[in-house]
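Presented sequentially are two complexes of chain A, the first with chain B as partner and the second with chain C.
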Partner chain A sequence: MRRLENAFWFTFAVPTVGIVLVLFFAPFLYSAFGSFQSKSGQLTLDNYALVARLYTKDVLYTVGIAAFSLAIVLFIGILLCGYLRVYGNKLVEFLFKIPLFVPFVVVGHAMRVFLAPHGILNSMVAQIGLINLDNPPSLAYSWLGISLALAWKNMAMAVLLILGAFRSVHETYLEAARNFGAGAIRQTLDVLLPMSASSLAVASVLMFTSMLASFSIPLMIGGGKGAQMTMIDVYYRITYQGDYGAANALGVVSYLLASGAAIYYLRTVTRK
Partner chain B sequence: MKVDPGAMGRATVKIAFLALVLFIIFGPLSSLAIWSVAEKWYWPYALPQQVGLFYWGRVLGSDLMRSLQLGFFIATVVTMLTLLCTVPVGYALARFDVLFKSVIMMLFLLPQAFPQLPVFANAAVLLYKFDLGATIPGVVLIHMVGSLVYAVWIMTAVFKSIPVEMEEAAINLGASRIRAFLSIALPLAVPGIVASSLLVFLYSLDEFTGTLLIGAPFVVTLPVFMYNASMGYELQVASITALLLMIPGMVLLVLLERYLKAEYLSMFGRI
Partner chain C sequence: MTSQRYRSLAKGERARKRKGTWQPRLLRWAGMALIYALLTLGALTMVFPFYWMVTTAFKSIQEALMFPPTLVPTEWLWSNFREAWEAAPFPRYFANTTFMASASTLGTIITTVLAAYAFARMRFFGKTVLFILFMATMMMPFEVILIPNFLIIKTLKWYNTFLALIVPWTASVFGIFLLRQFYLSLPKELFDAAVIDGCSHFRFLWNVAVPLSVPALITVGIFSFLGSWNSLLWPLIVTSNPEMRPIQVGLTAFQSEAGSYYNRMMAAATLAVLPIVAMFLVAQKQFVEGIARTGLKG
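On to the complex of A and B.
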């Protein structure tokens, strides 16, 4: 009977673990292994030499964009969540949840037409006379466009995480600060922010790594020339050149950049 | 009648703030709506010169409908298979001292932490070896990687939140563990199961990276269709597709708004 029961649970566990093992864990190890292989199958460091030569700038560009996006998200997110925590505004809170369920490709496309040289944003700004449409600045196809699109998409997650952290700060602390005459901004910066610093740090690491790994947004809105985000490089290296060695080496670099998040996740498991 | 100038000022600030928020959220999305009805639009005009539903009519009779149906079909299969696998596994992880539990939990965290694209590119090589490249089963499998990882965590949390005493009582009265699971824990878990299956369905419907790498060129779901249209500068077609793609997510947002918790939504913050 006991045996039969074990067999029951086992039947469901095998495909569940099996699919993740075969289609994620194995390719993950294989990509690390493949990064040290030449096309003929010999062990080599050539792929890394190629990555260092061609893609160092792109890696820095990617880190820069992710850092800049994160800065926008944190700046707006902290102030907004401070306001929402202190005063509360159901409508604004709801509106900021919308980007969460807008698919990444849709964000990419919407931002592409919104920020294009003759897109809606430029048209509107031109109406006030701030820019000249004969020679419009283009936010799309640039690092700034990618950063804004990533920030827009990640804003929803940031608001959920930061507001969650702010809400777990007990009301009495805020009351005490108010009794000493602190306004909403003081309450946010001097009470809410320091008291939720650790959860904010975790949220930042997670958002930063997910921005580094972003693929569809830069694919839609990034420029065809100049520096690219690393995931775009990986994709082009494979689809246009069929060069899995270099693509995998670049992939390993991206895993290393994501190790902050990995360490956090590993710790959540080992803590239990 | 006297109006307090301070209150007036505060109301003005509040309205201006709300207008700014509306612009930030809906500004980018509004360009989709405008492009979807733009029959003729050249610069330097700020708005389309000719507006109509011409492209809507054309798009709804085209390949788009096939992509839409295909996407719904794949999402349905993925959701059903994912539920079938993860409901018992989540229960087992929540209740038993499973062998290598922390190793299994770790395995189900890795895909959250690392970039998907380089991994899926190598998974594509593997799937092509087994003749699953550019097929519907191949796309279902790659969607299942993401949804299994996500659903295992949610299901474990759902079953952990159900008090164990009732099942213990049933077992004391002679029920088997499987019976306790099927007739006590499972019915109590239904709300959690429904919520997570909706999220898994949406994940599959919106999935892009894996579908592009494994499905192309024969399995074209709506996100890939939209990508192709946008890259081909068919901006009206792409914008209409984008609007259609947003509908399921918005419905879900309204349905689940109250239950949205950050820890359950990690899947939607990625790629």
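On to the complex of A and C.
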């Protein structure tokens, strides 16, 4: 009877399974298979050879930017969420969630205005005499600009996930730490952080993979010269060269990078 | 004599206390000042794109394109909103987006509840493998599956239909993961007690698990609604008919149709953002509680 009921319930889960398999997994397999095909349809490793020859630098650049942005997000996110968990400040909490609502188109334009050579940031720094606006440095169109924009866009998600993890730590642990004289930073680093380590690892993997796959921000903030993020390469490969094989190979490489970061995550998730 | 001695001792004690506390107090104030300065700087940075969007919406086109940009509009042009509204079929875009986001959110909640419960409480063949496959799709860059997905939509003859805009977003692996974690955290005794009372899986889900998971469901719902409301690339690819397009695609079309009129574009973007900000403010408490209760634990 129970087995019958389980089978009945499995049928209820079938629509979800179907959608995921048909619209996520099957296309991925199609892409993966396409990465081993030449334009004439023959099986080949040429696409991967091309990726290794032309895009190794871009792959490293992408991983570097995603890792650097993640480090910024985690550093700020952990300290901020520790403060919010210990003292609470609803206004600050809300302000840090604003990036959730802002459309990518707006983020791209706003970041360009903020980081451009004669943008708001340089204008403010020039006011205190640190730079000369006749020959201003530019954060936009550079790896640092992309990293800062990605960190900005992901900060809201980080605050949600980290604060959620910190809030699931029971108040009694913090009270005990306070009784021993621990301040906000000690409570964050010695109590909240170790007790939320697995949640933070999962959140980090999610943000890292989303940064690896980011497209709109690198397209609007990144310069057209030098190394590019891999999703931009995929876009150019398809749009300007119609080379689906190499584009698919780049996609598979991106997926493998994301999966490499996610091994810990999958292992922890499936342990239960 | 004795009282004089006590008075002098007390005076000395007070002086020692004063001497002993002013330094830590000053340090504490300095620390708090630093924290507030950093928080203000961080908050300003977070608010900037939103502030820039709203203020640009009021600027003239000359002022909007000025470098270095002005932080406050010299003239507040409310007419930009009317012009933006009339320059493109925004009422239609709004209606499309509301329908698309609502339908996909409803679909997501239904499929998420069923699948998450199945993964958390059911025992069936290949459950772990299937769950790993599900989780693996979360790591999949969307651009990788974009072209094959488009071909599937064409094959199903869903191009330029709401089905193409809604169905692919009615399953959220992240939502399933969040809710599964919540269902796993429910005590087994609760389920056993319900079974002893003659409760079926469906009754348990409907009468116990779903009411307990309302904050988590609101979290999943808001994520789904936000994702749908802000989606740009997918609707751009699966629709060509302006009658079918959602608001984010409308914003880019506005840019290309009316040239680089950033002020009107930002006016339209401000209008587009208002409903989701309002929705978030209403559901914020439940949303945060939902994340905290699932804890996103591995």
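Everything below uses one rule, namely that the second predicted complex is superposed on the first by the 233 of 272 C-alpha atoms of A that agree within 3 Å, B and C clash if a C-alpha of one lies under 4 Å from a C-alpha of the other, contacts with A are read in each partner's own complex, and residues count from 1 in each chain.
Operating definition for what follows: a residue touches a chain if its C-beta (ideal position, glycine included) is under 8 Å from a C-beta of that chain, and two chains touch if they have at least 3 such contacts.
Remember, it's a predicted structure, so these values are computed and weren't measured experimentally.
**Q** Once the structures are superposed on A, label A:Arg167 by its partner contacts, choosing first (chain B), second (chain C), both or neither.
**A** second
**Q** Could you tell me if A:Arg112 is touching chain B, chain C, both of them or neither one (first, second, both, neither)?
**A** A:Arg112: touches chain B, not chain C.
**Q** For A:Val51, decide between first (touching chain B), second (touching chain C), both and neither.
**A** Neither partner.
**Q** Using the superposition on chain A described above, determine whether A:Ser198 touches chain B (first), chain C (second), both, or neither.
**A** second
**Q** Figure out whether A:Phe28 sits in contact with chain B (first) or chain C (second), or with both, or with neither.
**A** A:Phe28 contacts both chain B and chain C.
**Q** Can A:Asn154 be said to touch chain B (first), chain C (second), both, or neither?
**A** first
**Q** If you stack the two complexes on chain A, which partner ends up touching A:Ile19: first (chain B), second (chain C), both, or neither?
**A** both
**Q** Look at A:Gln127 in the shared chain and tell me whether it touches chain B only, chain C only, both, or neither; answer first, second, both or neither.
**A** The first partner, chain B, only.
**Q** Looking at chain A, which of its residues have contacts with both chain B and chain C?
**A** 5, 9, 12-13, 15-17, 19-28, 30-31, 91-92, 94-107, 109-111, 113-114, 118-120, 123, 152, 160-161, 164, 206, 209, 212-213, 215-216, 231, 234-235, 238, 244, 248, 251-252, 254-255, 258, 261-262, 265-266, 268-270, 272
**Q** Please give the residue numbers of chain A that touch chain C in the complex, ascending.
**A** Contacts found on chain A: 5-7, 9-10, 12-13, 15-17, 19-28, 30-31, 76, 80, 83, 89, 91-92, 94-107, 109-111, 113-114, 116, 118-120, 122-123, 152, 155-156, 160-161, 163-165, 167-168, 198-199, 201-203, 206, 209, 212-213, 215-216, 231, 234-235, 238, 244, 248, 251-252, 254-255, 258-259, 261-262, 265-266, 268-272.
**Q** Within their complex, state which residues of chain A touch chain B.
**A** Those residues of chain A that touch chain B are 1, 5, 8-9, 12-13, 15-17, 19-28, 30-31, 34, 91-92, 94-114, 118-121, 123-124, 126-127, 133-134, 152, 154, 157, 160-161, 164, 206-207, 209-210, 212-216, 219-220, 231, 234-235, 238, 244, 247-248, 250-252, 254-255, 258, 261-262, 264-266, 268-270, 272.
**Q** Across the complex, what residues on chain C touch chain A?
**A** 35, 39, 42-43, 45-50, 52-53, 67-69, 71, 111-112, 114-115, 117-119, 122-124, 128, 130-145, 147-149, 152, 167-168, 170-171, 173-174, 176-177, 184, 200-201, 226, 230, 232-233, 248, 251-252, 255, 262, 265-266, 269, 272-273, 276-277, 280, 284, 287-288, 290-298
**Q** Touching chain A in the complex: which residues of chain B?
**A** 17-18, 21-22, 24-25, 27-32, 34-35, 43-44, 46-47, 84-89, 92, 96, 102, 104-123, 125-127, 141-142, 144-145, 148-149, 152, 176-178, 202, 206, 208-209, 223, 226-227, 230-231, 235, 238-239, 242, 245-246, 249-250, 252-253, 257, 260-262, 265-266, 268-271
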